[in-house]
Structures are given as structure tokens and as C-alpha cells.
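Alright, structures below, take your time with them.
The two complexes that follow have chain A in common; it is paired with chain B in the first and with chain C in the second.
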Partner chain A sequence: MNLQIQINEQENKSIIHLSGEIDVYTAPKLKEALLPLTKEKDTIIEANLEHVSYMDSTGLGVFINALKLSKEYESKLRLVNLQERVFRLFQITGLHEIMDIHSTIRGVDG
Partner chain B sequence: MDTKDLDARNYTELLKGYVKTRDERALYGAEQISKTFIKNNILPEEIVNLHIQALLEIYPELHDKIQSSMNFLLEAMISYGLAHQEYQILREKQFEIKSEIHVAARMQKMLLQSNIPKLEDIDLGIISVPANQMNGDYHHVVKGKDGSISIAIADIIGKGIPAALSMSMIKYALDSFPENIMSTDAILASLNRVVERNIDPSMFITMFYAQYKPDTGKFYYSSAGHEPGFFYHSKENSFTEIEAKGLVLGVNPDTTYLQYEQEIVKGDMIILLTDGVTECRKGEQFIEREEVLEVIRTFMHLPAQEIVNQVYRYFERLQNFQLRDDFTLAILKKVV
Partner chain C sequence: MESFDFIEMKFPAKPEYVGVIRLSISGIASRMGFTYEDIEDLKISVSEAVTNVVNHAYQEGENGEVTIGFAVYEDRLEIMVADRGDSFKLNEVKAKTGPYNSENSVEDLREGGFGLFLIDALMDKVEINNSTGVIVLMTKYLEKQGVGLHDDRVSTRE
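Moving on to the complex of A and B:
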């Protein structure tokens, strides 16, 4: 399974649409796309995970890295439309309490 | 005559025989000789050259134009020869890396203690199996003078060698804490500061840290974002999830943790694990967490070490002996 990444840049806001699986193989691709976006001061980076059916802890590591950078560069990271299974990972790790996560949805891709 | 000349002789004889008789056996001989060529690192252009020499020997009157065309072929093979040499070098390098990883894996095994302390009232069993050579899971058991026991189970995120290197950091940090007098939440908070300062920003560690104190009969625990384990309550003959909130280690230097407690009585069990256990896949389907409990239930009459071994064997078979993630399972059984 692959990961598709599509970035939609607006004024002071970048939306990154992700689709597929985020794991040890696809995480470097996500890292490369997501991290530079967090380095713009006062921008909002919204990651849409609606079509992410699976994520492992390596994927979580990329979002932690992005969160650290957004604090350093004063940008805002927001995650939206997480599937249940993916959201559970943020919940177990306690990250849902320090990350801006909006609206979770039920598992659609299984 | 060295082997090269011997091969050349054989080649010429085989070619001569085949051209004359078209005998299949000569073709088989050619197949065999090509294997020796590969073994002795004979390059493709050398074989073409050998062919030219053989032709000239068999047909001294070989047509000029055919001879030139063979020289042309020889030139065309040179890049293949170079590619082959490169392949040989890569193979050697790969072998070197493999043996280096092997040494690192052996060192890591030494960090992971294998002798589990014996306790009077707790029967403890642990199994930890890496998916690849290096293990990203860590466990640590310390027995206190008062008969207490401290156990840590951790999952280091970031696979392979970097994860294995972080393991030594955790081990030495834990070894430096006076664990028996520190509360579980204080241990995680201290460890978090060490980890946060010392790892790559995309790495983190999840850890479950617990202590059992025989004088109170209680089990104290804290979690740093670790996959929740289970309690088995013998009175109700039921399992419940161990609920404990807490952020993973290495994200925020000021994170604080909570300490929880649970009274345990004879027959109760504490099941600690990493996500390599709950994320087993059956084909493309993930197993449910309940399935792990069903399997544990099947073996729970056995001693703790036997339970974890049997559960591991069950999931190893289920996944056709191909672990996707490191697998660590610990069971503490209150026996007195």
C-alpha cells in the first residue's frame, strides 16, 4: 500500500491531504512533505487524514516532529478527520491531549 | 595448467563436440562450465574472448568478417563485465554490514537481561522477540530488598539500529535511579527528561512502569503512552484493561505522570505487552485485542513463563512465522 500526498496552499494556511497507509516505508515521504510546511511563521497546517486507513508509530513520530517544529517556528499544526483506528494511536500515546485534533470519523476503509 | 587454462580447454572441447554432433550432453556441459566461470569471477568479455580463441582453433580458416563481428561482441560485453564487478563488491559490502549488525544485535542481547528474578509471591514470565535482528522493545526487572519488584516495558519508536542505541540510554538511566524508593510517576518524569534531551525529534519511547509491593499487596503503575495491558481478576474470572493516562517519553520536557494503584489477590494476573502483540495480522486483517485475551485464557493454568511462551508460539504460527513488529509479553501471577 502506498501513501498519496496532495498539498493545497492558501494564504496563511496549507492543507495536506493524505491517503493510504503511513508506515515505516511511507513515513519518509510524509516527513519530506510535511516538515517544511511547519517552518512558516503564523501559518496553519491542516493535515486531513480522512483516507488514511493505517498508521504505525513511525507515522506518529513524523507528526511529533512536525509538532515540535511548529512550536519552534510559531506555526499551528492541526489534524482533521481521523479514522477510529488511527485516532486510537493518538489516544494511547497521550498525544491527543497536546495536539490539535478535530473531528474523528468512523473507519471507512476498514 | 591453472584452472583458467583448464576451463578454456574444456570449453574448446565442448564447443568442438557440439558443433560436430549437436549432442545435448555438450549443452549440459556448457551449463556446468558457466557455473565454474561465475564461481571463478570470469567476466563476460573474457568468455567471448575464449569463444573467439576456440573458434580460431577449430576453424583456422575462420571467415574474416565473422572474426571481426566477434570482436565487436567483445566490446559490447565490457559494460556487463563492469556491472558484474560492481555486483561482487556490493555483495562483499553487504556481508560486512550483515556481520556488523550481527555484532550489534549480540551486544543488545546483553543489555536485555535474560535472568528473571525469582520471587516468593509473584510468578513472573517474560518473552521478547525482535521482528528483525535488532529489538525495538525493552524490558527491565529489578527486585528490591523488601521483596518488591519493579518492571518496565518499553517500545522504542524508530526501527533498527537507532532504536537499539537508545535502548542503552534507557537502561543506564534506569540503572542510575534509586528505583525502589521512587514512585512510578517520578521515574517516568525523570526518564522523560533524559530521553527528550537525547533523541531525534521524530523518535519517541512508550513505557509502562510498575511496582509491586508485598507489604501493601498493591500494584503501583504509570504509563507513558504505552499500549495498555490487562488485569485478570480471579474472583470475577474476568479481564479489564489497565487504564493509565500519560504522554509518550521524549516529546515535552515538562511532562508529568500519574501513579495509579490496584490491589491484587492470590490468582490475579497482570498482563503487560507491546503493540507487536496486539497488532498481529491474520492475512491482511488485524486481530482484535480480545483475541489476545482468549489465547491467554487458554494457557493461564500454566506457570507464567509457559503462558507467555505458548501465547507467542500461537501468534507466531498465526502470522506464518513472520513477525511484523517486535513482540514482548510479560505476565505477573500472584501465587500466594
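Moving on to the complex of A and C:
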């Protein structure tokens, strides 16, 4: 019941690998890791959610926050490899329309 | 009166316990025979309601408690999440509970963003009582096998 975060910074691209659960307990840790990455102009921030087994509105809040910052600082935020259950949250809330969600794991169109 | 089992749990209103509460709901729901999908919906809904309590307790600098009640019926699970440490008087709670879109309560709960919206989308019924603190009462029905069995019976008669 924790969240592991691993950041891989390349030229003009940061990949943030997330593994575990995103909830009210782990969201501050995610925020602390993700938000600074979005403040570098012209970089792509790719959040890999392949191993995120649980997420709720606290996670949505962090990604909305990151998206706003990326617009402000002219970086690009992209979410990849979402599990179907996690992707469903973005769909229910309509956030899949405004987020750049690249691929989902099990048969849902991103 | 319809019979049911009632389980009550009390946790410190702290972020680190929300995951433990998810494990509890997961255990109860799987014992009742909810599907994997429904259990995931229940985990999110309960977490949203508890998160709301936790965030409020933190904003006000209180060391509060969150009380969760599970009423296990044959065909459904009712879950109560309360931001006061008091035990539930079930009938009182139900008598005072209205639809979630009664004005005050919504404003209050939507501070957290999509929390209440998700509970409403994922559960079959949501009611909020805010006469003494805030109590969220949510219900999810077991998918009745009866419907499927009936369909089968029709098709085997061919």
C-alpha cells in the first residue's frame, strides 16, 4: 500500500515510473516528484502508470495540477500504460478529453 | 424488519489508514460475492468518503476519527462513513438522510474535487446527512444471478 516512484531524466524528456497505489496517503509524494518536472520548458514528461493498481480522485487531482503547470511552463505531460480500471476514472470524469493519454493496457482506446 | 449483519470500524482520520480501510471493504465485499469490478468500485467510493473526512480533520488541525459502518444485507451492502467518532444509530441516520445534491452538503464535499462525483458514479445510491457532522451513506446491490438464470432457462427451452 505504498507508491514507488522512479524518475529517468533524458534530454528533453523525463519518464516517471509509478508503481503501487495513488491515494490520499501517497498523493503528496507523487506531487512532490511530478510537479517540478513539469516546470522545464519544452520537455516531455511521461508518466508510466503500468504498475499503478489503484488510484482515486486524489491522483486525478495531482495529474490535473501537473497538466495546468505544464501549460503554464510550456512542457508536455503524457500518461502512458494505464490499467483499464485506472483509465476508467479519467473516462468517468471526462478528463480523458483534456489529458494526453497514450495507451492503456487492456483493450481500452486511449 | 429486514435482517442484516452490521460491522462498525473506527480509524484515526489519517491518510495512512485509508489503504487499510480499502482492505476491509475488499474483504467484506468479496465475502458477499461482489464481482471484481464492483469491489474496485467500492474501494474507490469508500476511499473518497474517508479521504474527505481525513482532509477536513487535517485542515482543522484535529486528531479526529472516522467511523465506518457496513450493513450487510442479502442483496446489497450499505456503507456509512462518518466524520465523528460517535457510533451509529442506524435508524436515526437513515431517517435524516437525503439525496446528495441538497445544496449545503455538496458544496462542502466538492472541495475535494471529483470525490463525491465518483462515489455517485460508482455506487447505486448515495445519501448525505449533515445534521451532526457529515455522514455519507452509500449502497451497492449485488448483481442478481436470478436474471441470468432466468435467461438461461428461457434459452434451454428451445
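In this section, the second predicted complex is superposed on the first by the 106 of 110 C-alpha atoms of A that agree within 3 Å, B and C clash if a C-alpha of one lies under 4 Å from a C-alpha of the other, contacts with A are read in each partner's own complex, and residues count from 1 in each chain.
FYI, a contact is a pair of C-beta atoms (placed from the backbone, for glycine too) under 8 Å apart; a residue touches a chain by one contact, two chains touch by 3 or more.
Note that the structure is a prediction, hence the values are computed from the model and not measured.
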| said: Once both complexes are superposed via chain A, do chain B and chain C end up clashing or fitting? | reply: clash
| said: Just to be sure I read the superposition right, which of the two partners does A:Ala33 touch: chain B = first, chain C = second, or both, or neither? | reply: neither
| task | Would you sort A:Ile15 into first (chain B), second (chain C), both or neither based on which partner it touches? | result | neither
| said: By the touch definition at the top of the document, which applies to A:Ile5: first (chain B), second (chain C), both, or neither? | reply: neither
| task | Mind working out whether A:Val62 is in touch with chain B, chain C, both or neither, as first, second, both or neither? | result | first
| said: Per the contact definition in the header, classify A:Tyr25: touching chain B only (first), chain C only (second), both, or neither. | reply: second
| query | What is the contact status of A:Val80 with respect to chain B (first) and chain C (second): first, second, both, or neither? | reply | neither
| task | Check whether A:Glu97 is in contact with chain B, with chain C, with both or with neither, and answer first, second, both or neither. | result | first
| task | With chain C in view, single out which of the stretches 78-86, 114-122 or 150-158 of chain B clashes with it after superposition. | result | 150-158
| field | Common interface residues of chain A - those touching chain B in one complex and chain C in the other | value | 24, 56-58, 60-61, 64, 92-93
| task | Please give the residue numbers of chain C that touch chain A in the complex, ascending. | result | 15-16, 18-20, 22-23, 40, 43-44, 47-48, 50-51, 54-55, 112-115, 117-118, 121-122
| said: Which stretch or stretches of chain A touch chain B in the complex? | reply: 24, 31, 56-58, 60-62, 64-65, 67-69, 92-95, 97-98
| Given the complex with chain C, which residues does chain A contribute to the contact? | 1, 21, 23-25, 54, 56-58, 60-61, 64, 85, 89, 92-93
| Touching residues on chain B, where the partner in the complex is chain A | 155, 157-159, 201-204, 206, 224-228, 245-248, 251-252, 275, 279, 325
